[in-house]
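Notes for the one structure printed next.
Each chain gets a letter, A, B, C and D, in the order it is written, and its residues are counted from 1.
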Amino acid sequence: MSHRTFVQSYKVRFGEIDHAGVMYYPAFFDRMHRAFEDFWEEALGRSYAEVLDGDGIGFPVVDIHSRFSAPFRLGDIMRVEIAALRLGGRSITFRYQLFKDDEDAPRTEAEIVSGVIAMGTFEPQPLPDHYRAALTPYVIQEAAPS
Amino acid sequence: MSHRTFVQSYKVRFGEIDHAGVMYYPAFFDRMHRAFEDFWEEALGRSYAEVLDGDGIGFPVVDIHSRFSAPFRLGDIMRVEIAALRLGGRSITFRYQLFKDDEDAPRTEAEIVSGVIAMGTFEPQPLPDHYRAALTPYVIQEAAPS
Amino acid sequence: MSHRTFVQSYKVRFGEIDHAGVMYYPAFFDRMHRAFEDFWEEALGRSYAEVLDGDGIGFPVVDIHSRFSAPFRLGDIMRVEIAALRLGGRSITFRYQLFKDDEDAPRTEAEIVSGVIAMGTFEPQPLPDHYRAALTPYVIQEAAPS
Amino acid sequence: MSHRTFVQSYKVRFGEIDHAGVMYYPAFFDRMHRAFEDFWEEALGRSYAEVLDGDGIGFPVVDIHSRFSAPFRLGDIMRVEIAALRLGGRSITFRYQLFKDDEDAPRTEAEIVSGVIAMGTFEPQPLPDHYRAALTPYVIQEAAPS
């Protein structure tokens, strides 16, 4: 198994904490989306604004499966790691892992399937080749059975 | 002093509470904006979507002055009252008062000046006459000096 | 199949719309949580604040599976329906369905597993009997195979 | 006039954009608060979590005056500059200036008065001496009249 992983760390913010004293769970998805925006700069060398408004390509969320095993609190550094599980014809499956500080086991994991659409029409479109090339290094390659 | 006041009550939400256990102050402005959206249905008989997308009129915030004298907590009912302080040529000054439950003194007050723009161009435009007519009953009339 | 369903409608808000002109997907979860807060008043006759702070019981999210088939836009009324799929010993699986206006097919669905914890310690605890009784009518009863 | 200024840049995020295609104004305050959190690390050498939970000191907002002269859009880099206008006995007045990219004139300005409270009791307390010392370099010194 060998692949590239996008890694970036973010602070858990005062306003993201809820009445129970831990990070409000919808804020996890906002955080994952912010990481997704940053991801494009590394993967493609283009800002997310350039992807959307320049290239006219959008990635609406189609399906989410996520698990939350331990909370985040104010002062925690959240390390977000993004890889890809599958590059389909008109969808991409990303894997998000959210770690506290330098822990080895993620406290939150999500597999998020995004469609590929033309921003002008909101219609599905194929993933352009140079996008596919940019994403390919992030795809987790399962070891072949011997 | 006689004028119409928009009054609507909202729950303080779990996700609006911050690490200090009280309503996060940026959430007050989100709440005021939601009340502002509801206000148009009463004042004009049109939804905020119709105002923006149908009539093509927007009200960007230009100036805010607000005071916070006591916090809101989960379980509080926030009563929002909206009146107008001034209908200018190309701006409107609204007054927001936020009360806890049935208290008489507001816990938060804000005067918010909104510009009037054409959504298509983001350029200033005069307030249409029927908008002015719809807003006039909400303008606080100061008693004339005797 | 017969069960009680919590139904409540909410406006899609100006601030919930994102750069693509549709409801920002993390805002769906904020909306589902607000409906979850309202749910307790119907199901148990107690506000969510009383559940958390009075009874000292919390429901942290453990697992989410959700699908998004069509967007919501400003001006849409989102009808949220909540039922329960499973009352476990220390977890509950809720089903959320989000409909646009009076459509019959949901545009978003989610199965969300919540743990049951003591707010004082964040430790798992069994679901109290009167909570179980209050939730039971919302459990979807699959028709028995004939 | 000579003083220290906290300067940090942040991306305008996809989810911060509203239906009008510009940054939602309540999100400006969330952004200012995030900068305020970061400010303490530079000024005091302590994280905001340490300020609140370690030192038990909080800074609830008491008064805001802010002006918005031009919008921010997706892809803009927002440069936040924080200085102090006044260190009172039990309150501090901060000045926020929000610039687009490397522009010289701020697009948004705010003067925010924060109280000083003990987090345990929410009662006002004097600003501790080492906090005052840490904040003093950020106070804008008006030139004395000659």
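Following the convention adopted for this analysis, contacts are C-beta pairs under 8 Å (C-beta built on N, C-alpha and C of every residue); 3 or more make two chains touch, one makes a residue touch a chain.
Everything numeric in this text was worked out from a predicted model, so none of it was measured.
Between A-B and A-D, more contacting C-beta pairs join the chains of A-D.
Each chain gets a centre from the mean of its Cα atoms; the one farthest from the centre of chain C is D. The distance from the centre of chain A to the centre of chain D, each centre being the mean of the chain's C-alpha atoms, comes to 30 Å. Centroid to centroid, with C-alpha atoms defining each point, chain B and chain D lie 24 Å apart.
Between the Cα centres of chain A and chain B there is a gap of 36 Å. Looking at chain C, residues 14-15, 19-20, 24, 26-27, 30, 33, 52, 74 sit in touch with two or more other chains.
On chain D, the positions that touch chain A within their shared complex are 11, 13-15, 30, 33-34, 37-38, 47-50, 52-53, 73-75. Interface of chain A with chain B (complex): residues 14-15, 17-21, 24, 26-27, 74.
Of all the residues in chain C, the ones that touch chain A in their complex are 19-20, 22, 24-27, 29-30, 33, 52, 58, 60-69, 71, 119, 122.
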